[in-house]
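Next come two complexes built around chain A: one with chain B, the other with chain C.
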Partner chain A sequence: MKEIEIIPEREGQVQRKGNVSAPMACNKKSAAGSVSQRACVFCGSRVVLYPISDALHVVHGPIGCAAYTWDIRGSLSSGQQLHRNSFSTDLREMDVIYGGEKKLLLALRQLIARYKPKAAFIYSTCIVGVIGDDVEAVCRTMTAEAGIPVIPVHSEGFKGTKKDGYRAACEAVATLLGTGSTEDVKPHSVNILGDFNLAGETWIIKKYYERMGIQVVTCITGDAKIEDIRRAHGAKLNLVQCSGSMTHLAKMMEEKYGIPFKRVSYFGIEDMSAALYDTAKFFSNDPTIMQRAQDLVREEVGNIYPQLQAYREELQGKKAAIYVGGSFKAFSLVRALRLIGMQTAVVGSQTGGPDDYKQLAEICDEGTIIVDDSNPLELAKFVLEKDVDLFIGGVKERPIAYKLGVAFCDHNHERKEPLAGFVGMLNFAKEVYSSVMSPVWNFVPRRQPGRAHTGMPSAQEKSVSLEEKTP
Partner chain B sequence: MLDGTKAELTERTALRINPAKTCQPIGAMYAALGIHGCMPHSHGSQGCCAYHRSHLTRHYKEPVMATTSSFTEGSAVFGGLANLTTALQNIFSIYNPDVVAIHTTCLSEVIGDDIPTIIKKARDEGKVPEGKVVIHTNTPSFVGSHVTGFSNMVTSTIKYLAEKTGKTTDRLNVIPGYLDPSDILEIKRLLGILGVSSILLPDTSGVLDTGLDGNYTMFPKGGTTVEDIKSMGDSFATIACGHFASHAAATQLENQCNVPAGFLELPIGLTGTDRFINAVRQYATIDIPEAIEEERARLIDLMSDLHQYLHGKTVAIAGDPDHVIAMTQFLVDLDMKPKYIVTGTPGQFFERRIAEILKDSGSNATVKQFGDLFEMHQWIKNDPVDLIIGNTYNKHIARVENIPLIRFGFPILDRGTHRLFPTVGYTGAKRLIDEMVNALLDKKDRECDEQWFELIQ
Partner chain C sequence: MSTLSSQTVSACASCNSFDCDPSTCSARQPVEEIVETAPFAASTEGITAATRNACKLCTPLGACLAFRGVEGAIPLLHGSQGCSTYIRRYLISHFREPIDIASSNFTEDSAVFGGSSNFKTAVKNLRRQYEPELIAVATTCLSETIGEDMKRLFHEYYAENWEEGHPHMVHVSTASYRGTHIDGFHNAVRALVETLAVSGPRTRRVNLLPGMVSTADLQHLKEILADFGLPYTLLPDYSESLDGETWAEYEKLPSGGTPMKAIAETGSAQLSIEFGHTIAGTKTAGQFLEEKFCVPCRSLGLPIGIGETDAFLETLGTASGRTVPAKYRQERGRLVDSLVDGHKYVFGKRAIVYGEEDLVAGLCAFLCEIGVEPVLCASGGESGRLEEAIKTAHPAPLRKSMAKMEIRGGVDFAEIGEDAERLKPDFLIGNSKGYKIAKKLNVPLIRCGFPIHDRIGGHRLLHLGYRGAQRLYDEIVNALLEAKQEGSEIGYSYL
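Up next is the complex of A and B:
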């Protein structure tokens, strides 16, 4: 494969540990004309709010934005499945000319009558920002008429990056806070922020806290119910996992309700344990909580450790490339990989900040390539340069990894097994093992140097008799 | 969903629930990938491009390349000229494609960016290297559907590139429609047996079905070359498959270069394939080779072997209009009863054509263009069917109503092999029968009372 240049404008967004002069030039808009792996403001808002399963999610715009986000996340719901439908105003040419407000109002009226949801989120798409529909006014009218919160989400695609979409989602959620009764919220209580219940992960984490004697008021937004979000302001502590998306909400809650927050991660033994211990320390007025946390960690780690060791023996020395949405997840993955004997050779994210990349560099080995907002050519180049055995990424990276003959693990929306918690660490190890050690890689050119295609001799070389070849 | 759909039908005037379509740009992106060495470019916000690439990747399980103008608030106010100019410069200097095929989005359409002027300006400023091709099409998301976007890109490609030198070649143009690479390969195989040399546009085989060779290639070997597209103006005829996806392009070529056009449906099923083969025979003035007769005879043999399992079975079909029209014809050939027939793409032609196909079949179907899957689900709740045929988005209905789903069309997001097996031609027809009969028999075997469970069918 021929050497690929880095787009000059992107040079500040690629670093090699041990050879870094300036902080990562991240938070930039992608260079026009690059094959960016990033999405838009709408995408940011949609993925964050999507798991709220008893709310109506209406996409105000032409059909595409609703179609591409229809039932895309494996965010499980313990109750209704309303969020798995696709509701849209499907704006047409006439609506673009005359405005879509009336259509939106009608759509909401019909939908609310049909489904009687607890709340509704109305997503603005690019076009709404340009034709100038007053979505807020429609939402106010409907709130008054229907008696449920009808909340505008300011997610016009072009108004920033995916991160701005996270922010818009936080603002939307914030309008619900403080509107419910906190009567039954206990003194030892938390909110889980930034877990989306992919493959049921929120349920695993929630059980850990409950075993420690801590009440989980709500998760925002994995398996979230509107009633629970309304009373989230009663919790004593916010635990922020997906920091990229939820730090804004945590800060708002700190300011308005005096609820402190901690950044945590539930991936890998170290980070999972630290999350539980940090929480226990916060409630140090009840020492039994720490005791229970220690018991829990001991028991859970004891359950998975022997099996992890077995995987570690097999995977020792293998190399990985990581390209994920949020940088905090990347930290955990680096550590989790180390736990199973693997080294991270390439690591990047779509939305990390300068401090994140600095911290990332600290935990990585010398020579590790660190990238912000990468593109397929770059990623392919680094994968080949570092000769990695595993790629961890999302939907757009999977086929690229496979084409290169590299194993893959989806750590994004399309994961099928829970990867959070202690049991998640074991699932992660299993998934990595099953792909990295698959015999299919023995057939790919990368692992058969000098053997192009079948590796069978040419017609001129057919002197070898069949008998000799057959064992 | 999954429990959310109620049988009670109420008037919906302003609302789309569970669409049977998506927006224009993704169709344009897919069509552009069928041009050799082409970088599709999305002139709009970053999200559009990311969504289209993800969606196509999920269906094809292949890397999908496309660039974006990455609109900002500034571009929304001042227009996308600066972004597109920078984009063109970056694309050629970094990725170096032969062709950049620009499509618009709802945002750039509403802003009113004049793409040809921007291309010309970029060329004048030397931002497009000598010998490189830049084409564009308008794909407002609030008009038509992804099929419209596909058709627009194919039509614009011809408009930009096809030339008539006056020397008619011995080649036949085939505009195959919104098909998978495996379908394109099957059409090429049939043309090979018929001994007709051809140009297919677009041709995504060799682009979105490549083998694992240890390399990541941004521009794989496949795709219709610019040279071939140019020479389409000299071909002796054009066969266009599908009213919605292909006919506009053939009309354009007919008007532009005077290439006579045959307007067909997709070669799906027995009649559809017969019509295609017959059209090739007539335009190319050839006899049908024995090999084709044999293929056809095998399909009819299969249809006779299994007809008793299919007779009278009721079907709900949803999907893209050309696919649904061709499938309806095939179901009639198979003595099945299409009962609910839905496309999300707007166009009265769909309902008219389906009515014609069903006229003598005795099938009393509910047919709807610009419909959605929610409504089809309601119809099924009121009066169920034996089979559902459609893309992955029908799986919720299939599960709730316990009706087998035959995955067909675009997109298929939950199975891995469909993209490799054609649905067109006699070969494709055999596979569709295989899937339908097996689905019906599997259900019976699974659910019937023990005394009715039979070893031999």
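Up next is the complex of A and C:
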């Protein structure tokens, strides 16, 4: 087989630590014809707003965009489950020719009457941006008519990258801020920005803060209700986890309401503890908060450390590849892997910035491959070159790993096991362990070179030769 | 390492606590109450302008799947990046195989000025990276709406870049506001033969155009064709490219698929067989081969169940000049024997069937053959020919009690859910997206078709032939037996 090569447009987006001359050439549109693992503007908006569970999420466009985002995130809700439906105006040819505004208005009228949501988000898809529907006007009309906020999300797929979709989602959320009562918001209070309550992760983190004596006003958007978002401006501090998606909102809130923000991560013991300590430092006027944070960390780490050590003994020296959406998560994963004895040989993200990649290089070992906006061929090449034992990624990366006989840990938004918090670190170690140590790898071609791919001719080829023999 | 469990810790669904035993949680609500706040609440007014939980997918998905069944082909979506990523994710979750679909990656500029330069760069990059034999282009709703003229783009591109050994290119128009994924699939197959078929002296070859079936179905069809001693072109054929072995080296384009040569030879075949009553007489690949190359097209239903499989095998018998091989006569005989053994367990049971129209017609025919009453046959497809297809697939007169069968095209899962509350079926049969309805009604879901996103091996499910009917039958009977067993306090271990 001819070797897989990096296409020339992408050469500045692949680095090897120890051999880097220029900053990562990231923040670029994906090269045409490369099978990027990225999605589109719409996707960025949809994943961020998806967990708001008492809102109606209506995708204005043909059916695909809505169909592929039906009930896909593992975001749990403590109340309504409206977000787990897929609503679409399902535009047809006539709508495209004559405009989809009337259909959108009627759809909203019917859906709001039926489901009585607390708000509605209307996502514009590619085609709406081309046919020029005035979605804003429809939203204004419905807001007046239904008495709930009907919010346009400017998420036309081609108008930028997934990051622009995050931004559009932040703008949509921002329209709700400042509209609720902050009466019961306490002096020691925070918002969690950029946690999506996958498998109940927000609940884990929230409980930690509550144990420290800190009120969590709102999580945007994990298990978020519209009422919570309306009063989020009352909190004293914003804690930004998914920085790629939520830094924009944090900056808006800082500017408008004077709420400072801190970047945190809840993955791995080190980052989780740092998140709690950083928050405690912010509320240093009450030293008992720091005391409680220390007690909490000691207790939680004490609970899981012996088990983590046992995993470490088994996993020591194994190598991993990481390819995730946001680069900030990649930092935590590098550290979390190190904690269980594993080394990161390949690390990349869809949307990292130059500083992120620089920082990644600092915490990685010599020779580590660092990559921006990669694709299946490159990832396969790196996995084989570094002979990794584990791949951490999402659904689109999973078959690359499995096809090559490499263990896999799903760290994307479809996961059903909580990986955040101290308990999440233990889950992470368990998941890594149960994939890496599986005996099935003994049978894959990579570990049994003598029994590689059979290379049997396909039945259709056989039929062709059969025909040739026929007089 | 005995202390190391692979059990992960999850939150209690009722109180969100991680220290709670969900089975004894005091905050636990009966399932009914939780569901009340969810969809499918009693309706007073119809929802006509919105689709809720679609029972269909978009046209480019079908086209991409069909293109993955051609040897050496790489699909290229001409449009935004998201389309290819979403479709890959959706297909990967079903097939659990790498599925590379490229995108020409439109920007705002391309939407305004056209995607010509993106297209050319995309082809160049694909050639370099994948070395394909075929670049199969599908135009998404974005490029269709801005009016991309692909004929002109191909022409321009070739004028500048043509060289010996350049991969073939084929284009299918897949605006997602026109039709559903199944239309994208059939249109892609038509585009392949339109572009690649050539005329030649008539051969014994049979073209089999099976439509969107599982990898196991494709394997089985190949076995049947070989057993009849017929040279054939099965188009598309993703039986290996989407159900392959584990690799030692990464295969840029997975092995398997209909060879390009075999597609070329469809123009000189003795016969085309095309599955799908709803597409009979429309602008299909088979129809094209008939018009252009005088290859007669025989339109059959998907061979699900006895009657439709009989028709398929008889057609092959005629084409090959052979009788049906003993192997299949025996399979049929054993199937009938098992239908007798289990008939009482299924007779009069009420089923809701949903999915692509031709799959629904085939399943409905089979259910009628075994005495199950399909109380609702539903599809998101809107060909307007579902009812006709069902009647063609099962021409026998229905029993009186079955005359009430409801047939609905163009519906979504919210509507199917609302109908299900009223119709109180004993089981559902269709893809995994109906799971929530089955769960709410507490009845079994017999998974078949596409997608199966909540089980492993969904693509390996066999539906076709006597063997497929046998598998379906066993699964239906056993699901009903299990429901009976589980629903009884007595704990029967002998049924």
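We adopt the following convention: the second predicted complex is superposed on the first by the 446 of 471 C-alpha atoms of A that agree within 3 Å, B and C clash if a C-alpha of one lies under 4 Å from a C-alpha of the other, contacts with A are read in each partner's own complex, and residues count from 1 in each chain.
One rule holds for everything that comes next: a contact is a pair of C-beta atoms (placed from the backbone, for glycine too) under 8 Å apart; a residue touches a chain by one contact, two chains touch by 3 or more.
As the structure is a computational prediction, the values presented were derived from the model and not from experiment.
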Chain A as common anchor, with chain B and chain C clashing or fitting: clash
Chain A residues touched by each partner, larger count belonging to chain B or chain C: C
Touching partner for A:405 - first (chain B), second (chain C), both, neither: both
Which of chain B and chain C A:434 touches, first, second, both or neither: second
Touching partner for A:426 - first (chain B), second (chain C), both, neither: second
Partner chain(s) touched by A:395 [first = chain B, second = chain C, both, neither]: both
First, second, both or neither for A:92, with chain B first and chain C second: both
Touching partner for A:35 - first (chain B), second (chain C), both, neither: both
Contacts of A:126 with chain B and chain C, given as first, second, both or neither: both
Touched partner set for A:314, first chain B, second chain C, both or neither: second
First, second, both or neither for A:70, with chain B first and chain C second: both
Overlapping contact positions on chain A, where the chain C interface meets the chain B interface: 1, 5, 7, 9, 29-43, 61-70, 80-82, 84-93, 95-96, 103-104, 106-107, 110-111, 114-115, 126-127, 129-131, 157-161, 376-377, 380, 395-396, 398-400, 402-405, 444-446
Contact footprint of chain A on chain B as seen in their complex: 1-4, 6, 10, 12-19, 21-26, 41, 44-55, 57-58, 61-73, 75-76, 83-84, 86-91, 94-95, 105-107, 110-111, 140-143, 145, 210, 212-218, 344, 374, 393, 396
Contact footprint of chain B on chain A as seen in their complex: 1, 5, 7, 9, 29-43, 61-71, 80-82, 84-93, 95-96, 102-104, 106-107, 110-111, 114-115, 125-127, 129-131, 157-162, 376-377, 380, 395-396, 398-400, 402-405, 444-446
Residues of chain A that touch chain C when the two form their complex: 1-2, 4-5, 7, 9, 29-43, 58, 61-70, 76, 78-82, 84-93, 95-96, 103-104, 106-107, 109-111, 113-115, 126-127, 129-131, 157-161, 199-200, 203-204, 307, 310-311, 314, 376-377, 380-381, 384, 395-396, 398-400, 402-405, 416-418, 423, 426-427, 430-431, 433-434, 444-446, 449, 452-455, 458-464, 466-467, 470
Chain A-touching residues of chain C, taken from the complex the two chains share: 1, 3-11, 13, 16-18, 34, 37-39, 41, 43, 45-54, 56-58, 60-61, 71, 76, 79-90, 92-93, 96-108, 110-111, 118-119, 121-126, 128-131, 140-142, 145-146, 175-178, 180, 203-205, 222-223, 225-226, 229-234, 237, 240, 245-252, 255-259, 261-262, 414, 433
